[in-house]
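Shared between the two complexes below is chain A, which has chain B as its partner in the first and chain C in the second.
What follows is the complex of A and B.
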């Protein structure tokens, strides 16, 4: 008797629907075990992680604030992954976008520059993110270099570049030698949606990005090409779609979105450029993209869920002294279960009895 | 003279974790599996290796902890990518994300603790020879082991029948399956070997390179090891050259910072990563005639019985 994997005749839509829910359920079950191992009351810990942040207005806003970069980056990554282009350097594109946008903010600091500052920052950040993402894309289509490795290496480079700027030329002269720029002027800051709150304009931009991606994928030829190139490369070749061009395009879009997310984070919740502006948004967004099944609406929901784990993780640390790394473990386990459950959309397990099978002559 | 010796020693020390991790990944990839989780397996190996050494006081047991930890991580990967036929790229990424979290959790209690680092070989007379003495006869056990490992792997892949079968699985899993070889079982072993090596490479960092554990101490070495496998064109000999070249870049930028060449330190620190990009581009470009990668690398295989 043996358990074997077997391809289904066609993809199972039922499982496609329930698989993310099963994955979340399995993750929570695993977390209960993990909390117990850490010597924490699992029920209290789960409450701190998933329920407590939903009960007060401040945390709810904070979830939207954290979800904003996650959703924006993940939308871009989903386009890449649909086209079978593996951009895993969104973290670097995020940082470069933050740096490029901050350049305007730093240069106009203390001047009477007008309302043009913030829009220019956003455009410049998107352009810089796109250009930075084009490096691995062009290395791939021109020279065949693995975009996975090159895009990832550029994350470290971007991180060091940002570090250099805030410790060197852009350091706030009145900042007591801390590695940070001065606080951005009001014209270089993303406006808040609620006076005195946390929610800012970036969340609206993220929603627009979700809508735009849904239209691109569902209603345009380009979106169709992206999906076909990834799902059926041979059919795409017969259809005359240019796969290389789509790699470049999807990388550029995802770089632009990551860059935009970067400057929105810096000019919004953070307010100045400093190292550590991202708790790994670029990597968490990979999980968001997969958990959202590379679908814009799914990504929006997944982004909110992952943002909840960030906020819940912080609250659990304060309230129950649960280490912050538990959040990363949670995210990693969640991605595993999502991928595993998705496998059953295309495959199913079957018990095989080798001898009897030969006797029956089925095959 | 002493400076040159110090630099060579430092280069060897910096190269060894890259070489060990890349050797494991080379075997994994030769069997047709792309495990992008090297960084995750390494960082867990580092945390568990340090924990083992700190608890028992033995570097050897620490190294064993690292190996077992890396192997367990790779088993998770094998279960997903081989057992459930999940996309290998996504699974590898998940393994790295999980590994970074797990290592932080395991290592949290050990941050700030110190251990006595791995002892270096000392043969009276030989180790004292100027310039080459300490380089040849004064290394820690990991350095000698890494070289023995890559030679063994070369011998296994090219001089033994199981090695030939493993390469056959990597080049054409359908044919290997038709010939009656258990492709998935062979690949599972290859993945586990890769995990063991990555775990050991990670453990090397807190056990011999620096005698303490800090979160995220692998700092992308797992990814550089992956790039080295591409650099080597999947050949053990070139892997050694590549690993030492990268070790040299890492150390030279450190020394350049010390000499105060007027270039900001961050630019020098970025050199190993930039070098990886440039090398990948140059190599991929030189190889336009045909790929030397295992033909079935990264593809899903579900036997049809």
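What follows is the complex of A and C.
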């Protein structure tokens, strides 16, 4: 008896829908074992992770707040990945966007600047993120440099640049030497949706981004070009689609969305620029993109799920002293299972029983 | 039925030297998922015989041969070697028992020389020097000249095939399998191969010869086994059959004759003109196009013959605009210099293109047919309005192609990869013809396509020319070109010969051109006058 992995004639849409659910199930099973090894009660831990955050209004808002940058970044990344362009540096584009937008906030600090401040910050952040993403894109197109390496390495450049600014020129003079800018003025802050709550305008922007991406990919010729270039490069050239141009375009969109997410995070929940504004949003968004099947609606759901693990992880740390790193382990295991389960969209297992008569034949 | 076939089992010429066959497959069956690639096939291979394995694409020839060569394990049935049942663990065991195989697609390393490639393919350990000496000796004995020190990328396809044959012969096989060996050869090269095969037969070896060229099989083979849809249809003596009766057994029905309309076809203005086109290859070991010129009028089909790898791919890229030329005047479409224009702009001028590779070049395999209609239709077929896709229009193209060209598929809009080769090719050709192109450039239109679909496609090309379009067909199948082309030119080493009128283009002349010889100036001058 033999287990054979064989190709399906046509991709299975059922498996495409079921695969993420199976992956989540397998992840939870693995986490139960992990919690048991750590000496924690698995049921209580799972409750703290996945149920508790859903039971109070504050946590629900917090989930939306965390999901906002994840979804926005993942939408951009999904465009890159569909086009076979591997942008791993969304974290850096996020930070550069935050820095560029904060520049306006810092420069207008304490002046009587009007309502133009926030929109300008958003535009500038998106532009800066896009330009920063264009560095690896252009290096790839012009010199054949691996965008995976260049985009990843630029993350550290952005990180250190931000660090330098908040410890040096932009440091709040009244901030007791903490590496942070002063709190942004109200005109430089993303407005809240609920008075006294946490939910802010950024979540609405994220929903608009999801809708726009769905239309782009499903209805427009540009979206079609992106999908073809990734699926069959030679057919794309035959179709007259310019792969290099699409690498540049998807990197630019992806960088712009990451940059926008960066300034929304800084001018929203955080309120000022400081190191550590991102708990790895740019990297977690890679998981969100794949968990969501590189599909806008799927990414929205996946973003909410991953946000839940962030909030749940915090609660589990407080309630059960489970290290926060377990959240990252969880996300890693989830990505592993998602990619594994995805194989079954195009392949299937089959048990093969070799013919007995043949097997008995003499040599 | 069984008894009937046993009776028909030929023992032509009474040549059987042994009591039992060298190799027997009995009830050989192979499943791929739900698909039955081989359904209980019996075949007997006798020494001193050339046994043809005939069948259309997808009839199960490759599966059967792979099972005999140990590349796949049969799901049921048994293989007997000299009367004893055997289970082959892999090709190396098959080779050690004396079964050799020459594949249609060569497995050679371009950057290694001949001797190194042969050494890599041999199981036994012998010093490289001894092996090289033996290589030269074998190639000399069988009249398969090879220079062991030349690198493979410098060799012609025929020479590459010689490496594979010599490599197989160096293991002194009792039984040699050849998969479509003449598909890539010029007629003269094929003749030389037949001499070698006759000699191997005379030495007492058995040969299994896979082909779908009926004339060859009738000329060369002692026995023929015909497969259709995974089943054995018949084992017969091909010399006692006609080409038509063999074709009927292969296809299962009469094939529609292609109706040429040459008489009432009128040529009009030049619609595709190529002026002194030269292009350096974009890939390592690609072919350099050199000074290619021709003129193609409306209502005319120009065939380009030639052994694969002589610049046909490069010419297609240059004509379609997948590769641009510095000089706009090198390619003129509908009177407009287009050498510098993109493939989309050339489509807007009225040109349409069908590449050789169906999956991954002509279509995106995992996308629906409607999306694949959009792939080439976005340029000029009203499928896109203000950047938005008109899904209804793309679906309509699928429906029209389905109806006009009899595309058989499981549902209205399946993925391209789920169609059979013939049906996908009908869709691809249909997709372009429905755009009413002024110029159609098509590569290997019926490569790997079943006979029924091939007839539909050839008829469609003829009808398109009759309607006034200029059609350029690149093909390695000389019979196909003879059937549909008005003139035939030959590509060799990136150069294109002067076209010959099809009536003047004998196999001998074309074969000489395909091998790089030049025709006498008298003949060439005669041809230009058409």
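The rule is short, and it goes like this: the second predicted complex is superposed on the first by the 347 of 363 C-alpha atoms of A that agree within 3 Å, B and C clash if a C-alpha of one lies under 4 Å from a C-alpha of the other, contacts with A are read in each partner's own complex, and residues count from 1 in each chain.
Basically, a contact is a pair of C-beta atoms (placed from the backbone, for glycine too) under 8 Å apart; a residue touches a chain by one contact, two chains touch by 3 or more.
Just so you know, these numbers come straight off a predicted model, no measurement behind them.
S.K.: With both complexes superposed on chain A, which partner does A:336 reach: first (chain B), second (chain C), both or neither?
M.R.: Only chain B; A:336 stays clear of chain C.
S.K.: Which partner does A:55 reach: the first (chain B), the second (chain C), both, or neither?
M.R.: neither
S.K.: For the overlaid complexes, name the partner, chain B or chain C, with more touching residues on chain A.
M.R.: B
S.K.: Go through the superposed model and pick first if A:224 touches only chain B, second if only chain C, both, or neither.
M.R.: second
S.K.: Kindly classify A:177 by the partners it touches after superposition: chain B alone (first), chain C alone (second), both, or neither?
M.R.: In the superposition, A:177 touches no partner, neither chain B nor chain C.
S.K.: Please indicate which partner A:86 is in contact with in the superposed arrangement: first for chain B, second for chain C, both, or neither.
M.R.: Touch status of A:86: first partner only.
S.K.: In the superposed arrangement, which partner chain does A:6 touch: chain B (first), chain C (second), both, or neither?
M.R.: So A:6 meets both chain B and chain C here.
S.K.: Can A:168 be said to touch chain B (first), chain C (second), both, or neither?
M.R.: first
S.K.: Using the touch definition from the top, say if A:14 reaches chain B (first), chain C (second), both or neither.
M.R.: neither
S.K.: In the superposed view, which residues of chain A touch chain B and also chain C?
M.R.: 6, 352, 363
S.K.: Looking at the complex, which residues from chain A come into contact with chain C?
M.R.: It is residues 6, 9-11, 219-222, 224, 227-228, 231-232, 234-235, 237-240, 350, 352, 354-355, 357-359, 361-363 of chain A that touch chain C.
S.K.: Where on chain C is chain A touching in the complex?
M.R.: Interface residues on the chain C side: 32-33, 73-78, 84-87, 320-322, 342-344, 347, 353, 355, 357, 360-367, 371, 374-376, 378-379, 384, 387-389, 414-415, 417-418.
S.K.: Touching residues of chain A toward chain B in the complex: what are they?
M.R.: Touch residues, chain A against chain B: 4-7, 86, 88, 135, 139, 142-146, 148-150, 152-154, 156-157, 160-161, 163-164, 167-168, 283, 286-287, 290, 323-333, 335-336, 339-340, 342-343, 346-347, 352, 363.
S.K.: Spell out the part of chain B that touches chain A in their complex, as residue ranges.
M.R.: Listed in rising order, the residues are 36, 76, 80, 83-87, 89-91, 93-95, 97-102, 104-105, 108, 215, 219-220, 223, 226-227, 230, 264, 266-267, 269-270, 273-274, 276-277, 280-281, 283-285, 287-288, 291, 302-303, 305.
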